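What follows is chain A paired twice: with chain B in the first complex and chain C in the second.
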Partner chain A sequence: MLEYRVEIALWAISGIIPFFMLNIWTNNNLNESINISDILLSRYFLCAFFVRQFSVVWVVFSFEEDSLMGKVSPYLIQPLNPFFRYFAQHLAEQITRFPFALIIAFFFFIFNPESIWIPKLGILILSIVSTFLSFLIQFLIQSIVACLCFWTEKASSIERLLFIPTLFLSGLLAPVVSFPSYVKSWIYLTPFPYLIDFPANLLSGNETNIRGGLSMQILWIFLLFPLFKKIWSEGTKKYTAMGS
Partner chain B sequence: MNLRKYLKVYKKFLHTSLASEFEYKTNILVDLITAILSLIGSIFLLSIFFQNNGYIGGWKFEQALIIQGIYTILNGITNTWFNPNLTEIVKHIREGTLDFVLLKPIDSQFFISLKKINPSGFLEIMLGFFLLLFCIRINQINLSLSFLILSLITISCSICILYSLWFFISTTTIWFVKTWNAIEVLRSFLYIGRFPLNSFSFSLRVFFSIFIPIAFITTIPSEVFLGLSQLWKILLEVIVASVFLITSRKFWLFALKFYSSASS
Partner chain C sequence: MLQNIIDVRNLSKSFDISSKEPGIKGTIKHFFRRQTKSLKVIKDISFEIKEGEIVGFLGANGAGKTTILKMLCGLIYPSEGSILVSGYLPFRRKENFLKNITLIMGQKQQLIWDLPPIESFYLNASIYDLDKFEAKKRIKKLSEMLEIDEELFLPVRKLSLGQRMKSELLAALIHEPNILFLDEPTLGLDINAQRNLREFLQKYNKETNATICLTSHYMKDITSLCKRVICVHEGTISYDGKLDLLLKKLSPVKEVLIVCRSEEDAIKLENSGFNVKNKIKNEITIKIENNSITSSLKTILNNFDIEDLFINEPPIDEVIGKVLIKKNYDI
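The block that comes next holds the complex of A and B.
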């Protein structure tokens, strides 16, 4: 992983959209209408950036390539589910990305010195846990989509479709609090606000329901995991190696 | 120049790549839904910004929709031509197949930029046009000949700038081999093209008009639509577009000198 330092640095930079959004929010005083102070909002978007950095998942693209190239066949013979392999890759890359994310946060604080804060240890641990849970949810959803490769070959277009609601509803571009009420009434039942909005609110010290959020995250994992196991066993039955 | 030959070759490109894309019919359908959802999502985001404010950066909601429309058209063009072709450069260089491209009796930039086509981007272009037509109605814009000419000029300049940015980054592959993530950075910067330039703070505005001219790409054509644009801005955009096109061409030829095919 360390071999691709530049690449990982570039990837960290490509996640800076939350900062552009923050710029629009504060520059036009949009936050006054939703009762969040400038400082809390800037912390929110910084945390959203962090949560996004450590919950990005791209297993569909790796799996699609491996399955098109026929690399899945040798994986299937091994006694370990191949998704563990991708899982380990993701974890390793998150660790390498950590220093780059810190550098970006450092620059952020140089430009916004008033928003420096130190979260309480308990909150910090809880938000790391919830970021990891958010990563797990996204990993499970994408693995389910990846298993569709067994049927359609090109599953990445389905992933791009699913990415749209994730982008607009997860709180990466605007905090869920600011959404109009006709969206807020149903959005908390979907997994989206627990992907970025909930962990970011938790870490930045904005108001949020800690117990409710964590239990919803765990609930979604318990819902998605059996689904993944089912589709995986169906898919491997369907799978025929290239040339057979 | 043997324009006729290039037209003929392009017809063949169109034929072969459309034929291969239509092999994945469900894929195209999914992409169509993605394009529609993505437009709905960005209008939703815009409506959040405007729910308690009448103006953002001096733009009304109806006016900001024009920017959205132009962005959608440009994004459609990116998805139809730039994205499928220019990401291939990475593959050509990694697998050494660029040799075959260079050996062909045809301009290599032409071949590399137009070989493939992705039909699902067409719908996005159409969606953008419909949104623009809608905007013309709700903003009560008078269609006159000069308006049509000016908007055509500015939008085609935007396309040129966008193409040059993409081509420029893809060309750096010759040195760095893996530029996949550099393209992601460009994508995330282009994202701000969805919003009026004036809604950003001064330093970002300077950055996005001098270093990466995203400001020119969507804001100036939208100003032309509203009849707000001064002549010098349009002229400036034409100059910027031609400078970008010429530099990207020069840069490609320069980069090719450094290309040593695989195993040499």
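The block that comes next holds the complex of A and C.
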């Protein structure tokens, strides 16, 4: 991927869903219903864009293809779990995407100069940590789904089912605060609001429970990691090395 | 006395396979009532392989050779029986076991497609805990043995199949494994590349005393590398032993083309009690049993005026082809 520069630029641009959502929200004055100012909302969606850029995961698709084509076989007999390869690949691509994300932010501020703000250093560091934890949660969820390839061969179909709650409950289309309070209490028990909503609110300076959010992120990682280990160990027993 | 490095006892492997009838009706039926059956592809096989041996696995397509290799290297889980490779249960994939083995599959690659092979070599070196200095030394040594140099710095996608295969080998051997599992390593290579690869494997075996388990449909790979072969027929072992014994058993006679000085000599030879296959003017082809070839040729040379003679081995592919369709060989 890093060898194809144009593809990287296009990919960075393709993650601009939050800006479309911002447009829909502000043009329809929807922010008034949740008591968020235009400026805070635009900062939220800019931060949602940044968090999305550095936490997006596609391991299920890579693993499924490699598994069906037999490419996983040589990796399986190396003393390194193949998921580390995908993990390193994701990190490398995030670094490559960073300059493009900055350029997009630059243009965003040209069109919305009133949204310019400089987050405090402490908040910035916590936001980076939180974005990385969000990436870890998404990576673990997708890795668990990817391991279902050992049973179903087409695990990406299951991932598509997960994409729906991710889209609606993660804060990509709307901040979670906009949901009715009885729904919100349920949403906060799932991992989804900690994927985009929490880190984006943290970075944009919106009111958020920092300790609670980070704790929930860590809790989800502690829950998902052993599950991944278990499903991986059971799945590899089912591996038939097809295509090789 | 050499130790067994691979010990396989009563090994079996079954796969669950679902079948589907063609057409829309078949698809709907397959969706609602999937027919799955268990297919036993390896049936209760046992064998041992000694340290430093090169063993060829022979068999028709689907006989189970590759499945055996996959179980030996721990890629797939056996259904029944036991496997010990270098003292380890392969399917547990312990780090020390994985550092001792390698698997090379013809046409399947582990090199990163868009990067030069050298990047994959250094990646593999760090996976196998080799420091940069050691990795550099091994890359240099192996690239000299494989006769590759500039190719190491070109993207893999730009390399020819032969160059890619050499790079694959280098990537797979950088950790100096002592057991090599090779599944059709010469598949798709031209004659020169095949020969180079065989020479390299011989050299590697000689220098490191590595054990090599090999499957190949190219008989030249088997005859030039393996003293021992294991023939697999429908998931069972039909023959396990020396290759030359198998060949002797399967082709007990040699054909000798004799060119006589005159047609009279050829007629005399034709009527002298040999098993004559055909005769054209002064050229006569006779069949002689392997165990009497020396004495028979001595008789012919002493009693007839011979201009030239050629001893023809039966084509190896033809001979081995017989093995692939037969269930058992007692030799």
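The working rule: the second predicted complex is superposed on the first by the 240 of 244 C-alpha atoms of A that agree within 3 Å, B and C clash if a C-alpha of one lies under 4 Å from a C-alpha of the other, contacts with A are read in each partner's own complex, and residues count from 1 in each chain.
The rule is simple: a residue touches a chain if its C-beta (ideal position, glycine included) is under 8 Å from a C-beta of that chain, and two chains touch if they have at least 3 such contacts.
Everything numeric in this text was worked out from a predicted model, so none of it was measured.
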item	value
Partner chain(s) touched by A:I103 [first = chain B, second = chain C, both, neither]	neither
Partner chain in contact with A:I116 - chain B first, chain C second, else both or neither	neither
Partner chain(s) touched by A:A92 [first = chain B, second = chain C, both, neither]	neither
Touching partner for A:F20 - first (chain B), second (chain C), both, neither	first
Chain B or chain C, by number of chain A residues touched	B
Partner chain(s) touched by A:F179 [first = chain B, second = chain C, both, neither]	first
First, second, both or neither for A:P165, with chain B first and chain C second	first
Common ground on chain A, meaning residues reached by chain C in one complex and by chain B in the other	4
Parts of chain B lying in touch with chain A, wherever the complex brings them together	24, 26-27, 30-31, 33-34, 37-38, 41-42, 44-45, 47-49, 51-53, 56-57, 176, 178, 180-182, 184-185, 187-188, 191-192, 195, 199-201, 204
Touching residues on chain A, where the partner in the complex is chain C	1, 3-4, 70-71, 73-80, 236-241, 244
Sites on chain C touched by chain A in the complex	15, 70, 73-77, 91, 93, 95, 98-99, 101-103, 105, 108-110, 114-115, 124, 127-128, 155, 172
For the chain A and chain B complex, residues of the former touching the latter	4, 6-8, 10-11, 13-17, 20, 23-24, 27-30, 32-33, 152-154, 157-158, 160-161, 164-165, 167-168, 173-174, 178-180, 183
